[in-house]
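For reference, the structures are reproduced in the following blocks.
Next, two complexes with chain A in common: one pairs it with chain B, the other with chain C.
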Partner chain A sequence: MGIIIRTKHTQPFIPQPDDSMIICRCEEITKGEIRKAVYDGMRTINEVKRYLRAGMGLCQGQTCQRLVLGIIASESQISAGELGHITGRMPVRPATMDYIGKSTEHSEGVERYESK
Partner chain B sequence: MKANDKSADVIIIGGGIMGCSTAYRLAKEGVSVLVLEAKEIGNGGSSRNAGGVRQSARDIRELPLAMYAVSNIWPTLSEELDIDVEYVQNGNLRLGKTEAHVTALTNLVKKSTSVGLDVRMITGNEAREICPYMSDEVLGASWCPSDGHANPLHTTLGFYKKALEYGATFATGIQVFGLQKVKGRVRQVVTDDGIYEAQHILLCAGHASRAIANTVGIDIPVERETSEVFVTEQMKPMFGQMLGTSDADFYGHQSAHGSFVLGGMGGLEKFTSNYYGDETHNVTLPKLSRGVIKYFPDLANVKIIRSWAGQYDVCADGVPVIDNVSEVPGLTIAFGFCGHGFGIAPAVSIALCELIMKGKSETIDISKLNYDRFAAKG
Partner chain C sequence: MKRYEVIIVGAGPSGLSAAIEAAQSGLQVVVFDENGRPGGQLFKQIHKFFGSKEHQAKIRGVRIGENLLAQAKELGVKVILNATVLGIYKNKEVSVLIEKEVQNYKADAVIIATGAAENMIPFEGWTLPGVMGAGAAQTMMNIQGVRPGSKILMVGSGNVGLVVSYQLMQAGCKVEAIIDAAPRIGGYGVHASKVARTGVPFYTSYTVLEAKGNATDGSVSSAVIAKVDERFKPIPGTQIELDVDTICIAVGLSPMSQLADNAGCEMTFAPTKGGNVPVLTQDGETSIKGIFCAGDVGGIEEASSAMIQGKIAATAIAQELGYIDHDTFEEKKSIYADSLLKLRAGMFAPGSKGKVIDKTDEGYTISKSILTHGYLAESELSDFPALDTSGGEHIVIECTQNIPCDPCQSACPQGCIIVGDNITLLPKLSKEKKCTGCGLCVGVCSGQAIFLVNDSYADGYGTVGLPYEFLPYPKAGTIGKALDRSGREICDATVVEVRANKVMDKTAMLVMKVPLAQIGSARFFQPIGLESLEGVS
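What follows is the complex of A and B.
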């Protein structure tokens, strides 16, 4: 990511006809909400995610990430490559606490380093 | 400040909640402010914490900040920032499973009540009345009804958004290397984008602050420590309290969204090769899961969606340094928050604003958080 200078917006927020289009399906975030987040000062994909929850749902942004990046890029005039990507997080798929809690029980190598 | 201008009245190093909230308060007073952030807004602990807004179990030296924030700022912060910070004031339970835990908790309670905080010890059964999902393993707990939790992402970005509205400038992607004096005052910030200049500099870059302060001869004993947090799928509302345990098995709460936000340490992260990165460790999540299930058996089949790691800036004696540095006129420092700076941040920024503008903190007593309190024993 390069240098991004953020200052107060000078123009009023202008709604667009397709603002109600859903972009992040897991969390039901619309194009208009993402545009407004950029207007409010959010620039990177992680900032928009933290501000709106776009990409925070069950699919962890696998569906909407490119679309969200495209909207931020066109609203902020910054190329999508400069805006980062959603950080991949463990676990890769949702799993219960019970399952994860037991996941190191039978693995000797890991068990050695585990605190009780 | 113009976009290509490299100077401001005040330069703030670090775009976490301390930097964003102080930028907001200064800009509101009409001061020209520039925040320099190495990565993104809220890249550090400010976006990685578990949202606890807690007065109980704090060192009494920083309790005035916590009590001021809870009495005067948190209840109306959503309106002030024009964003829902999801502040919930449903109390904090700190749980004990053994007699030793209960004794440790009782001692903490005594200290806090001595300075006027309403916190008391309750039995396991009383704790289960407050939070019915808790297992029989809980023997006793400390209970502070005025504690609570909030959404750290919205709070940090809310301060950022308002700071922008009042005219502050933020520059991200700029790494600060050090500071330089001009005619006896600190004036220049050395970065990978050249030199920036200000009349006054606030250093609040978390654990990275130590090395930056070193460049003007100031050393504060702060080290970093990794802690991890995970969130679960959405559940129906089950409990509203902020939770912690005497044994530090885990801490956390159920968010407004319905997901549980729970965190803690595995205990052995320090011995891995990637300890100083923001990466999670494979032993931590299983250990935290088992810890949570012991206290809350009903959560065993709740799915974990994601987890992450963050760094604490741990100060040698357990409380932060928030002060003007007399050997380096023009420099204010605020770091060493020891893993619980989020809840006090809205009050810390009031103190910082006064330190910068008036030379001293008048509203809140931070006299025990002075930078020159460290001396080797003996």
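What follows is the complex of A and C.
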């Protein structure tokens, strides 16, 4: 990713007829909200994610990442390849905190193994 | 913490092939899959695969899946299902959620074979019930045995869109249209043709604008499509409203590469590979030593190449861990690389993506009609090498694009069909050998592109033998209509016989009697009064 230039807008945000269309289904984020986020200065996919929660739901952006990238790219005129990708983190699939909590014992095991 | 020499994530074609290869080399291997059954997408692929014998051509995907599982079982490969890998760390530690508990494993090498997920396109109403991925529709009908809808709009004309459209018809659905925003049909011409000749219209340079919902439950009641210009912008006034209850989206796949990213592998954005993918060596190794990727996760291709990629990764690991020596590795790798090269050739090869190809490798002009309408114009066919104009019973091979496939060559017991070692070349007919009219090639061709024509059946009548995969097979004597390549009714037709045997593997040859003048045009049989066609499964 290169340096992203953010220029303050002198023009007001212009609504579009399809702004109410849902893009991120899990978190119910609309096209208008994403466009507004770009207008507000968000550029990379991870910035938009943190700003709106788009891509933070059940599918972790597997469905909407590409669509959100497309909207950011067309609004900002920056190519999608420059906008990054949603960071892959553990857990990459939804898992309840309860289950992850139960793994504590094992995690300690991992650390012991490492410190050897 | 449990320890394995190799941990494989994903029990699809690539993961299972890798596991088999690794186990054969003596490695201790475990495969995790988040699904309740193994095989990835293979078990819903009820169509015959392409390629050569070494790629398991002419075998249906579901059988390939069964064979892989049987082999894995025989070798004692441990496949743990309902096991979701949550994270992979640099020291090759893997967290897996198994039965409400996160368990940690450690491996000497990891193969990520997580595959890909379907892309969506946003349009007004795309979140309504009845809009789904084409792959989801395929899972519903071929795995769960549920018909996804009755009247379908397919968005996307790549191989997924074409193959799923055909299978939807086999399941008894009516495909109202296949549309594509591109000016050309994206998938194999033979796949398009087998759909087109049943009467499905193709709309190239069209996009879907809106899914309308009905008043009772909001599910899809119609779809509005419109023509697009060169910049893919809808042209006002070109809208068409289609009466459909299901919209299937087949606009490509995105690699599920999150685990590689999570592990810290170097990633790259590669549109030709489907999006965000790990940077891989020839063997499929990521920037982290010992972490490999195989199959669609490293770049979208298809199941046949995914299987070979899995084997290459496993072979590289076997060498690294000292289970095979360098020479054995080089020998195996060169065989697999060669096999992969064969699949990656021709008009639809990964390297040809986005290129406009208008001549075959042999120099024949590629049918424009097939690229826009999905079927060959009769006038274009005469340019191709497999047209036999001799009298009596003979075959017509309507295979006009360079795709990696050669089962027709070995199907003919007489040796009439010649493809040669370069399997992307078009089949030719031998001048010396004589067709006996057995029809095996008709049933064997994965593209359903071979027809057996007889111009001396009876006075004024000839017969056309065509590949047929709709159940129930019509009985001899059934009266119906003959459709031409575009699916238009052209004349009355009577079924003479339906020939099916083990070699043809559920693709029957339906022989119909038509007036002599129509034997060059009649390519499909539509029984009269049959509302829906049930397919082979």
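Please note the rule applied: the second predicted complex is superposed on the first by the 100 of 116 C-alpha atoms of A that agree within 3 Å, B and C clash if a C-alpha of one lies under 4 Å from a C-alpha of the other, contacts with A are read in each partner's own complex, and residues count from 1 in each chain.
By definition in this document, contacts are C-beta pairs under 8 Å (C-beta built on N, C-alpha and C of every residue); 3 or more make two chains touch, one makes a residue touch a chain.
Note that the structure is predicted; figures quoted are calculated from it, not measured.
In the superposition on chain A, A:M21 makes contact with chain C only, not with chain B. Of the two partner chains placed by superposition, chain B and chain C are both touched by A:T87.
Contacts of A:Q62 after superposition on the shared chain: chain C is touched, whereas chain B is not. By the touch criterion stated above, A:R50 is placed in contact with chain B alone, chain C being left untouched.
Of the two partner chains placed by the overlay, only chain B lies in contact with A:G41; chain C stays clear of it.
Residue contacts after overlaying the shared chain place A:M97 against chain B, while chain C stays out of touching range. Within the superposed three-chain model, A:I4 lies in touch with chain B and out of touch with chain C [touch as defined at top].
In the superposed pair of complexes, A:E33 makes contact with neither chain B nor chain C. Annotation: chain A residues 60, 87, 89-91, 95, 98, 100, 102-103, 110, 113-114 touch chain B in one complex and chain C in the other. Per the touch definition, chain C reaches chain A in the complex via residues 1, 34, 84-87, 89, 91, 93, 95, 97, 100-104, 106, 117, 119-124, 126-127, 254, 256-262, 267, 269, 271, 275-276.
For chain A in complex with chain B, the touching residues are 1-9, 40-44, 46-47, 50-51, 53, 56-58, 60, 84, 87, 89-91, 94-98, 100-104, 110, 113-115.
Remark: chain A residues 18, 21-23, 25, 31, 60, 62-67, 80-81, 85-93, 95, 98-100, 102-103, 106-107, 109-110, 113-114 touch chain C in the complex. Residues 1, 3, 39-42, 47, 153-154, 156-157, 160-161, 164-167, 169-174, 193, 232-233, 257, 266-268, 271-272, 280, 282-283, 285-287, 289-290, 292-293, 299-308 of chain B touch chain A in their complex.
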